[in-house]
Each structure stands twice: as C-alpha cells, then as structure tokens.
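Given below, in the form of structure tokens, are the structures.
You will see subunit A twice below: alongside subunit B first, and alongside subunit C after that.
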Partner chain A sequence: MKQPRKLAKWFVLLLLLHGIIAAAGFFAPYDPVEQDRERPYLPPMSIHLMDAHGHFHFRPFFYPLKLREGSFDQYEENTTSAIPLLLFSNASSYHLLGFLPARLHLFGANGARIYLLGSDAYGRDQLSRILYGGQVSLLAGLLGAGVTLLLGALIGMAAGYYGGWRDELLMRIAELFLALPWLYLLFALRAFLPLAVSPFDSFLLVVVVIGMVGWARPARLVRGVVLSVKERDFVRAARGFGASDLYLLRRHILPETAGVILTQATILVPQFVLAEMTLSFLGLGVPEPLSSWGNLLASLQQYNVLVSYWWMYLPALAIVPFFLGYLRLASALQQSTVAYKIDEKDLWNPS
Partner chain B sequence: MRKQRSYSRRCVITLSLILACASTIALPTLGSPLPQQTNQKEELLSLPGEVGHSGGRLVVSLRSEPKSLNPLTAADATSREVIGAMQSDLVHINRATQLTEPALAKSWKISPDGLQYTLTLRQGLRFSDGHPLDADDVLFTFRVYLDEAVHATQRDQLIVGGKPITVSKVDAQTLVFQFAKPDGVEERLFDGFAILPRHLLEKPYQEGKLGQIWTTAAQPSEWAGLGPFRLKEYVAGQKLVLERNPYYWKTDSKGNRLPYLDELVFLFVPSADAQVLRFQSGETDIISRLSAENFSVLGRQPRGYSMSDAGPGLEYNFLFFNLNDLGEKSSADLARKQKWFRDVRFRQAISAAVDREAIVRLVYQGRGAPLWGPVTPGNRRWVNSSIPHSPRSLERARSLLKEAGFSWSTASNGESALLDPEGRPIEFSILTSSSNADRTKMATLIQDDLKQLGMHVQVVPLEFRSLIDRVTQTKEYDACLLGLASFDADPTPDLNVWLSSGGTHLWNPSQSHPATPWEAEIDRLMEQQLSTPGYDQRKKLYDRVQEILAENQPMIFLASPDILVGAKNSIANFHHAVLEPYVLWNVEQLYFRNNAETPGR
Partner chain C sequence: MRYLLRRTLHAVFLLLGVSLLTFLFSSLTPGNYFDEMRLNPQISPDTVAALRAQYQLDRPLPIRYLHWLNAVAHGELGFSFAYNTPVAPLLWVRARNTLLLTGTATILAWLMALPLGVWSAARLGRAPDRVLSWATATLLVVPDLVLALGLLILAVRTGWFPTGGLVSVGFEELSPFHKLRDLISHMTLPVLALVLATLPMLVRHIRASVAEVLDAPFLRAARSHGIPDRKLLYHYALRAAANPLISLFGFSVGTLLSGSLLVEVIMSWPGLGPLLLEAILARDLFVVIGGVLLSMLFLVAGNLFADVLLYWADPRIRTAASAK
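Up next, the complex of A and B:
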C-alpha cells in the first residue's frame, strides 16, 4: 500500500513541474528573447511589503533599478517610485503550449520591467529564459528517452528472443555504440551540416543524436529480461499452443519488460536532459537567441561572469527539482516492481 | 696594434670554444676587450624619462606561443611582440607619439624629389653577441628581405612603384636607398625591418636555409640581434626567457646603459581568463589585450597593481556581406541573397538599423568607440572626422528599403516580415568567430536590431580557421562579422584591405579588376596616396577613401574597443600606447621601483 502512494506522490510532483514548464508563457512575465539594452546584468529584484518610509502595504511592490552614474553593471533602487506587482496581468502575447494564443501572465508590472531572477548580458529576463529554456531541455530529454527506449526495446527483444548469431551481432553493435567517443563524432557531424541550421532542425538533431547514443544500455537490459522470460512455463505453454513469435513477444514478453523499461525511462530522462545541456553548453544545441538550460549556463564559461554575476548560476538550480523527482520516481518504481515480482513468485511457488 | 690584433684572434678562438659549452655566461666577460680593439666612439641614444636602477625580472604572459623568432618570416602578433624586444630597426615609430625617431640610423635625409634616402648609422653599434655592425649588415639585410626565395612577409613594403628599392653603401656608416617612385610613408617604411647579423646569417642564406633557422628551437649562440634583450632560453609550451643585451645602444638621461631589467620572461598562457588569474595572483607583472569584462574584474579590487584605459586603439570591427562574383559556382540561394547585398541601399539600411551605442555599452561596457568608418578615433592623425555619425534610425532604414523595392508582410503570428522585390523573405546568417565572445555578442545584438526591420538573421559561431577559409577560399557564406587591427597608424599597412586586388579585401578579395566604380576609385586614391609625399596631401586622399567607404558600406563599421592594460604599481616608466605592442614598446626603460621587494614574484 505504501509503495503506490509514494509513487503517486513523485509522479504528481513531476507532472506539476512539467506543467509549469509547458505553460512557460503564462508563468514567464516576458518574451525570453526581448532585450532591454538599458539593463544588462541586472541583479534579481526584491519584492517589498514595507516601503522606504516604514509603511506597510498589502499589495507587494518593487522599486525599479537604475544604473549608477558612469557604471556598467552597478544598479541602485529608485525608492521614489514604488511599482505594485500585478497578478494575472495582460501583457505581451504568446502561444500557450505552442498553439493557444494568449496574453494573460501570472504576474507583471506597469511602468517598469520586473526581474525576479535578474537579467543577462543583453538585459533579457532570466526567469522567462529559464522557463522557456526548460521547454527545450525537457522536451529534448523526453523525446530522446522515447527514441532510445523504442530502439532499445526493439533491439533488446529481437536479440533476446531470436538469440544465436542475431544476438551476437546486435550485442556487438551495442558494445560498439557504448565505446564510441560521441562528443567528438558530434562535432564532426556538425561540420558536415549546412552552416545555418534553423532552431527547429538543430533541436531535432540534438534529440536524434542523444536518442541514438543511448539505446545500447536499455537494449542489453531488455535482452536479459527476454532471455529469462522466454524460457518461463507460460511462454513455453503459449508456444506449445501454436502462438506466433509476434504474438508471444507482444502478449507475453513485452509486458514482462515493462518494469525495466519504465525504470530506465525515469533514469534516462534526467540523463538526457543533462546530455542536451552538455551539447548546448558546448554550442551544439539550439542557437541564440533561443534559450535552453545548457546555453543559459554557457555564459559561465567566461571568468568575469563566473565571479561577478551569481544569478547566472540559477539555471543550474532549475534542474534540481526535476532530477530529484525523476530519481525518486525511479527508485519508487523499482521497489514497487520488485514487490510485484515477489507476489508473482509466491503465486507460483505456494510453498 | 699588431699585438692587439693577435690578442683578438686568440680571443676569437677561445670564444668559439667557450661558446660550445656555456655561451651565455661567457659572452659578456669575453666581449669586453672588443670595444678597445676598434677604438671607436660609441654613439648611444640618450632617452628622456625617469632614471632608474638596473636589475629585476619582468614577467609577461602571451596568449599563444610565438611561431618563430625569425623576423623575416614571423607574421603573427605574438612573434612580432617577442621579436620587437629582441631586434631593432633603422628608424623607429614612437608608439606613444606615433611619430618617427632615429634608431640605428642616427639621421636621414630625403632628396627633394623623394627618390633618394640617405641614412647615417650610429658609430660603434654592436650585435648582442658583441660583433660590430656596419653598412654591410644593412646591405645584407635588405638583400635578404628583397630576395623572393626567402618569402619575407614584409617584402611587399619594399616594392615601391612596382620596383624593388635599391640599397647602396657610401661608406661604413652611410647608406643610400633609391626608390623608383616617391613613397608616401617616407621614413616610416623602415620601422619593423630588423637589421640582421651578416656574420651569422650569410652562410645559411647562401645555402638557402634562411627560412629554417631562428625557429623557436634556436640556441642562444646561433642568435644575435640589436634589441634591448637577447635570447637566453626557450622552453617549448612554457616560456621564453630573454636576458639583458649588454651592447644595447640606448642610455638614460644620466648615461646609464639600458635596459634596466636583467631578464624579460614571456609565459605562454593559453586563455585570456588564465592570463587574468595569473596577473591577479601577481605571477605576471603586466597585462595587455584585456577585454572590458576582465578589465572591470581586475579593477574591482586591485592588489598592488593599477589598471588603465588607453582609449580606442586601431582595431575596427565590422560586418560585411559576400559580394564575390562567383559566377556559375554560386548556389541559387546565395545568388538570390547577393542581389540584396549588392544593393547599396540594403547595406545602408542595415547600417542605419544597427545600434552602435548599444554595442559599445553592452559589449565593451562603454570602453570603446562607435565607428562609422574604418579609422578609429584612436588614430588621431588619419581619422576623417567629417564622416557623419548618424544615430540609429529605423525610419531611415525602412525608407531606404522601401526605395530599393522591399516590402513588408504581416505573418500569422503578428510579426512583420521583410520581403524582397520578388516577394521572398529576407533571411541570412552571420558568421562570427566562436573564440571571440565580443564579436558573437555584437552579432546577437545586430540579430535583434534587424529583427525589428523584419529580417530573419541567424548567428553562426564558427572556429576561426574555418571561418577565414570560408571567407577567403570557398566563399560559402552570407555575411560575416570580423575585426582588423593595423599595426601602424599610417594607411599603408591597410593597403591589402582596401585595394580590390588585395587578399584581405574581405567582401570580394583578389579581384583581377575592380568590380564597381567606387572600388576603382578607392584603388586609384590608395595608389596615389602611396606615392604622394607630404602628410597633408596624403591625408586629403585618405579622407576621400574613408568617405567612399562610409557611403558605400561594403563593410558596416561597428565599434572599436579601448586598449586596456594593467601593470604592477612597482613598475616605473610604464606608459601604454594605442599602437602595438601596447605595453612593452619602451621595455628598455622599465624598472622596478623597490628592488628590495623581490620583483616580479
């Protein structure tokens, strides 16, 4: 009883987090590529309830920041004008989930831009960029994991079920894939592609690449499960009754691998999100001005950003709840499938 | 006399013996009897400035290893910087005043027709190995520079009016340079031509091996120069150590022989950030070629050093389009885009839409100057200040585009897209060097500027070498963002950029004949200024070149960064310059104020 509840808890948490990222347009106050050239590297603003004179306000407000005279990145609060924070405000238009035109934002302000997590080198809102960047990174992770698992399951089942030289061949290929220096191959691959790749194409490229790289490990795991399942009595019995290979695989063997595949999925998604971040960090992901968690962190390659603007690290923190969620889900899943297995065994061995 | 001569012969024998085992220690002590032998008065150059005391070791970091120590073949900035501290020229350009000064030649005379230069050498000059210098060394030097088989990088500069200059010796101290046509640069020509030791290089030259010697693997005994420092040790991948040249021909105002420093060490530090960290920790004494970001990081909490901003240098950054005539080789896609690029109104519109102030503020943190022409405000003598500094104007850009037949359509998502006269959307990509964060940043800003005109621009950061390959060889690109920096303020070093036949005429290099009337006019003006004596006349001609460039916008000039440097407070006589080398140009005068405090460490 305890395991399923734990499972559900993490699942709901992840669903919520993904929902926020999917509806980035609503949660983000601004367009992520909009530049505010007067405010580069603006530190995160603070929300006040108490004004400069010590008066309490029920509506949260903030003071706009202005550049200190003669400086490039030193700001001071302009305490003469308090700007109230507006909830559910109408501002710039966006497409919710990519197709629903909308103008409603969770929060916003009139008269000045609000930067809850600061701004980057071009004065773009860091919060909006993190939310929109999550769409790219998470989608790449999810799609990549989907491609990988599909390939892994198909190849693993084929190898495990048919055995013999097919098994040998497929598993040697899998080992080859595990041994290849992927990052360098990727650089080489990029050199062959046309110079200017559209953002959508480069996103697809990233998904295909990380999907192609990862299939070997799940394929080996699935093969292992299939190898043991195909010798089990109920499979033999079904085969004795004249069931076809396809039927056996679909009806009896695939369901047995579900536990492994699900657990692999929850492990692979965060892994692939990280892979996308690595690629983008190295400049192989989606191009500017679009954001992804990887290229948001790429600015940290510069020493001066590293030591001067701490809020540029925040995209790295964004992935923490996701990773935690996925890994907890994975362990809960593993425990519950193990428990389920024991139950099954008890059924067959009533002693 | 006779006695002395036999002594000197014996001396040479012992010298060569000792050279084989321990050259660096042997040289100064053995060199001392030589001056008495020639019995010549030494004509040293006395420099004004703070009088210091000798000793100490200065450590400087270099971004890359010098490719060669051979002044004939060295082309990269790092090699030039290192060689600059080891070699001397006949006439030198003072990097601070940007004017010429006597160097190895104590005086020069130009004939009224501008065809004959008579140079008089200082007396008693010696190479760093103690060997005396005379007019034959200079004759040899220019013979070598002019020899096509040597492939000297600066050979072009010695071809004036289509003919190589001829050099002849009048006596041991006097030389005559004969020109086919007057040369507008006049005596500035001699800057950078290191005088070579004939006694060491004659043999390799005869054997045709001049290109292979004086590599970074050269031994100190094989090497001699006339600069303030001489070769001591080269550790590949780590450092180059130079030591004081005891025969250097300059003194301070009190008559003490320069340089003050005992050693000059160049550390090879591969990245700009690593250079900053080394300087911050006190491992290096001077830092130059700083980005504005790193400059502000260093300036925040200076520990025993101070930072200074020398103002805009000579580097100009620009955006240019592929205007090459590719004929049948061209892809249909590029040919269509070139139709826009060739329209001067299109280029003018882009220039009007670019926010140069934002580039200076966001990329250079305000430490730079916006540009409307190729000559930066740092080049005070040559900048044409009458070129209009038109502020950013999207209206002007739009009206120029409309005039050229472009129109706008409103897409489904509410954004307007620019269409060409044939109704196709304007899309192109801008190449930038992936190793240069500043230029990538500029391209990102321009991308956003042009989006407001409805153009769809992609920024493509590319590794520098493949970028240059695309621009000059395969010519497969739409637009490119680059920067150039000339090493002299004079327009002549930039000849290769502005002449339509030049290899660095980036938008359409190495043309057989000028593709457009305005390129033909620039060719004519540049050739004319080259052979016109007198600054005023040449300035008029070059001003016109700048006007044509600003009008036709083959390059959309963007901004010029300030020269940013830093030095330890204990270093005296430190002056920055906007000409290369920005900091070590007066290295012979640098000294450490407080010698008790172990300098440089």
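Up next, the complex of A and C:
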C-alpha cells in the first residue's frame, strides 16, 4: 500500500527534474555559448532584497561586480548601481524543446549580465551552461540506456528462447562483458573509434559506446525470465495452435519481461549519464562549444582553476538529485516487482 | 582441488576472451598511430610502410593476434609506438602504482565496512542503524567523479594534503621513515576517494546479509546457550553470511579498478589511468590493449582469491567439489 505512493513520489521528482532540463531555454537566462570576454571567471552573484544602506526593497535586485581596488582577479559588489531582477522577461530567443521558438525567460536583467552561478573562462553563464549541458548528458544517458536495453532484450530473448549452443555462446560473451571493469571497457571501446569528429557525431559516438557497454546484465535477466515464461501453459497452448516463434516472442514473452526491463532502465540511466560525464570530463566525449555536465568539469583539470575558481565545481552537483531520484525509484520498483527479482545464481543453473 | 583448477581454467579462458575481444575491436579502428605520419610531407610513404611492416600492422588480423599472443607468452605485450619501447615494462611501473592504490583502498574499505555492517545489522531498525543507513544512502548518490573532484578542491583550498603525484620533490634524499610518511600523505586523498566511493555499497550488502542470517534459528539457539554477543556476531553470524560477501569481494575489486582509473587521472597519480588516457589520445594500440588486459588480470586474480576464500569458508562447496 505504501510502495506505489513512494514510487509515484520519486517518479514525480524525476519528471520535474527532467522537465527543468528539457525547458532549459526558459530557465536559463542566457544562450549557453554567448561569450563576454570582459568578464571571465566572475564568482556567483547573490540576489538581494536589502540594499547597502539597509533599506528593504520589494523587487529583488543584484549588484554588478567590479574589480576590487589594487587587485586583478578579486571582485566585489558595486553597491552604487543596483540592477533590478526582471522576472519572466523577454530576452534572447531560443527554441523550447528544440522546435518551439520563444523569447520568454524565467528571469533576466537589463544593463548588466547576471551570473547566479558565476561565469567561465569566456564569460559564459555557468547556470545556462549547466541547464543546457544537462540536455546533452541526460539525452546521452537515456539514449544509451535505450540502445543497451534493446540489445540486451534481443540477445536475452534469443538466448533464452532458442537455448542450446546459441544460449551458451551468447552467455559466455555476456560473461566477458560483465567481467571487464566498466570504465576500462568504455576506454577500450572509445579507443578504437575516431577521435576528431564534429560535436554532433561525437555525441552519437558516446551514445553508441555507452550503449554497447552494458547489455550483458539486462540480457542475462531477460534470459532468465524467458526461460521460465516459455514453459508456461499459455505459451505452450499458443504454440500448440501453431503460433510462430516471432509471434510468441512478441505477443507472449516480451510483455513478461517488461518488469525486468523497466527496473534495469532506472538503474542504467543514471549510470550512463555518469558514463557520459566521465568520458566528456576526460576529453573523450562531447567537445566544446557544446556543453555537457562532463566537459563543464574538464577545466578543473587545470590547477589554477582548482585553486581560484571553486564555482567551476558546481556542474558536478547537478547530477546528484538525478542520482537520488533514479536510485530511489529503482529500489521502489524492485520492491514492488518482487516476482521478477530472480537470484542471479539461479539464472545460471536453471534446472 | 578440482574446484580450484576449474576456476583457474575459467580465469584463463576469460583472459583469452578479453584479449580476443579487444583485438577485434582494435581491427575496427578507422585510423592508427601512423596515419598522422602519413600526413607529414617530410616522412616518405616508404618509411611509413616500413614502420607498419616492422610492427606487423600490414598482416591480417588472425596472424597479428597469434603473433601478439606469442609475445605475451614471452612476457612482452607488444610495442608502444609513442614511447618506442616494449609495452610490458612501461605498463608494469604504472600498474605497480595502481595496485598500491587499489590494494590499499580494498583492504581499508573492507576493514571499515565489515565492523560497520555487522554493527548495523545487530542494531537493525534502531537509531544507530538508521543514522548509518542514512549516511550510506547519502554517499551512494554522490558519484565517484563528483566525490573525487570535491575532495580535490577541499584539499587544494585547505592545503591539508598534497594534490597530485606519487611523492614530493626531493624524495630520494629523505630517510626511510620520512619516505613512508611522504608516500602516505600523497596516497591519502586518492585512497580516501576510492574508499568513500565503495564503502556505502559494501556496508549495505554486509548489513543485509548479516541481518538475514541473524534471523536463523541456529543463532537464536546459540544466543539462548549464553554465547556472548560479540562472538555470536563475528564468529557465527559472519561466517554463515560469508558466501555472498565473498562474491561481493570479487565485484568490489572490479569497481575499485574502474574507480581508480578515474581517480588517478583526477588526482594525477602516475598509475595506469593517465597512461591509458594518453595512449587512447595517441592511438597507441598495444598500450591500450595491454592496459585493459592487465586490469583484467588484476580482476581475475581478485576473483580467484575470492574463489579460494569461498572454498575455505564454505563447507558446502568443498563437499560438492569432492563429491564430483
């Protein structure tokens, strides 16, 4: 009784988080590639209601930053000019969800750029880059999980349904893929694919690479379900009526594996988002000027950034709520579909 | 004995399979180290062709594989194009550092996880257990990349730990004691990142399997006989719960190896990670294959160790093996 509600709670949280990322154009005040070379590495600004003289204002405002006197990299607030924060302002145009032209932003300002999470080396707004970068990272994770589950379901169904040497061969290969440490596998796959390609191609490349890494576990789980389902009476009956293999697999067996596949999806998506982050962080994934959660962190490999500009670390934290949501959703799913929870050891010796 | 033999054979086949797989992948490569040379007008096509022939890249794949396998049997792992040396010594120096890191992290993580997990299982549902569960759940949602970078920033800003490298400048002049201290202070940060990344998973598994055993009638009987709690927990319960935990050990080695790859790059620890990354960017084929294979070797060794432990700890496996 409590489980479905828990499930719904985490599902709604994830839906909200994905919604924010999907509508990045609205929540982000600026275009993610818009540069302002005059303002590199600005620290995060804060929004005020009280001004420097202690007066309260109903309209939130912020102070633009200026260089502290006698310093070349320390900033302080310029309290002589307060700039009001505009809510639901019209500013730069973008395409909502990639196709709806729009100009409305959640907030913005006239007169000076507002950097809520600071700016990067080229004066680009970190907040906007994180929001847009989420689109790349999440999409890579979701598509990668889709590829993996498709591969895994196909291979698992083939192995479980046909059995015999095909089963033996496929499961041995699956064992190989399971045995390799995943990051090494990712590296090995990436190593043998082209390095210098256009941003879009490299995005596809990343999806393919992470999609090919994880098929073994879902394949084994699907195989286990198929092994037990194919001996059930309704399947035998259908076969007795002359149903073809393809029809049986599609109509009777595939629906039974839905629980396993759904649970695996909630486990795989955050892992694959992290895989994309790792690859892009190491410079093997999605390149600039496209932003992704991984390549936003790449600048942290420079020592001076690490020492002086702590806000460059903020993109790393973006993935944490997603991890939380997916992990809780996965465990809630696992508890509600106990019937599908099959011990891995039983899968190996189905007697 | 037959059980162990079978496990070893299994491990060898696994290694062969992985090497074949990586070789197959490598043959799909659209480009190699010599492609850039070919673009260089100062190097004649003949030279490139000669180099390719020297490294036998012009031969068909099966021959290359057999040739490489033969080299492996002689303790070599092919030739690095970029470093112009055999791969084996190159990898070995780095692998030692990786082993130092993962070995220490594995031992530390298990030494901490075992008492924590058992302690938590013995207090299932009470306040200390809840606090610990909350802490591990929190750590679980922080991925290793985020954790390692966060620790690095903390270290840089506080200056508590050296950030990067294996030893300080002037390491050679130090006394043995100071050498050790220097090494430890350099290891602290990467090891901490690895331990924190694996600890929550370990603690949760240990807690679950010990809690499951604690319900068993034989433990209730033992308790009613007046056996002290500590002995009950560590001597009887832990032993009965050992089977899944030992399998977990093999798995944890794999995760730590992957984690180590990333942590090494982030904290500039001179292990396999940075070498592999460079090799990928330079298309240094045999270094990549060798690195992947070496990590596989560590993993297989860890799993074999787990199998031996299992054989020693679980009488059911011993009897099953001897009955065959």
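Operating definition for what follows: the second predicted complex is superposed on the first by the 312 of 351 C-alpha atoms of A that agree within 3 Å, B and C clash if a C-alpha of one lies under 4 Å from a C-alpha of the other, contacts with A are read in each partner's own complex, and residues count from 1 in each chain.
One rule holds for everything that comes next: a residue touches a chain if its C-beta (ideal position, glycine included) is under 8 Å from a C-beta of that chain, and two chains touch if they have at least 3 such contacts.
Bear in mind that the values here come from a model prediction, so they are computed numbers and not experimental data.
J.: Does subunit A have more residues touched by subunit B or by subunit C?
T.: C
J.: Which partner does A:Leu97 contact after superposing on A: first (subunit B), second (subunit C), both, neither?
T.: Neither partner.
J.: Check the residue A:Val307 against both partner chains and state whether it touches subunit B (first), subunit C (second), both, or neither.
T.: Once the two structures are laid over each other on A, A:Val307 reaches both partners.
J.: For A:Leu169, using the defined touch cut-off, is the partner it touches subunit B, subunit C, both, or neither? Pick first, second, both or neither.
T.: neither
J.: Under the stated touch criterion, which partner chain does A:Leu297 make contact with: subunit B (first), subunit C (second), both, or neither?
T.: A:Leu297: touches subunit C, not subunit B.
J.: Figure out whether A:Gly283 sits in contact with subunit B (first) or subunit C (second), or with both, or with neither.
T.: A:Gly283 contacts both subunit B and subunit C.
J.: Contacts for A:Ala52 in the overlay, against subunit B (first) and subunit C (second): which applies, first, second, both or neither?
T.: So A:Ala52 meets neither subunit B nor subunit C here.
J.: In the superposed arrangement, does A:Arg37 touch subunit B (first), subunit C (second), both or neither?
T.: first
J.: Quick check on my understanding: which residues of subunit A belong to both its subunit B contact set and its subunit C contact set?
T.: 191, 195, 283, 303, 307
J.: Which of the residues in subunit A end up touching subunit B in this complex?
T.: Listed in rising order, the residues are 33, 35, 37, 40, 72-73, 93, 95, 121-123, 191, 195-196, 198, 283, 287-289, 302-305, 307-308.
J.: Touching subunit C in the complex: which residues of subunit A?
T.: 172-173, 175-176, 179-185, 187-195, 274, 277-278, 281-284, 297, 300-301, 303, 306-307, 310, 313, 316-317, 319-320, 323-324, 327
J.: Considering the complex alone, what residue numbers of subunit B touch subunit A?
T.: Touch list, subunit B to subunit A: 272-273, 276-277, 291-294, 296-297, 355, 358, 361-362, 365-366, 413-414, 429, 431, 434, 437, 441, 444-445, 447-448, 458-462, 466, 470, 476-478.
J.: So in the complex, the part of subunit C that touches subunit A is made up of which residues?
T.: It comes out as residues 14, 17-18, 21-22, 25-26, 28-31, 140-143, 145-146, 149-150, 152-153, 156-157, 163, 254-255, 257-259, 261-262, 265-266, 276-277, 279-281, 283, 288-289, 291-292, 295-296, 299-300.
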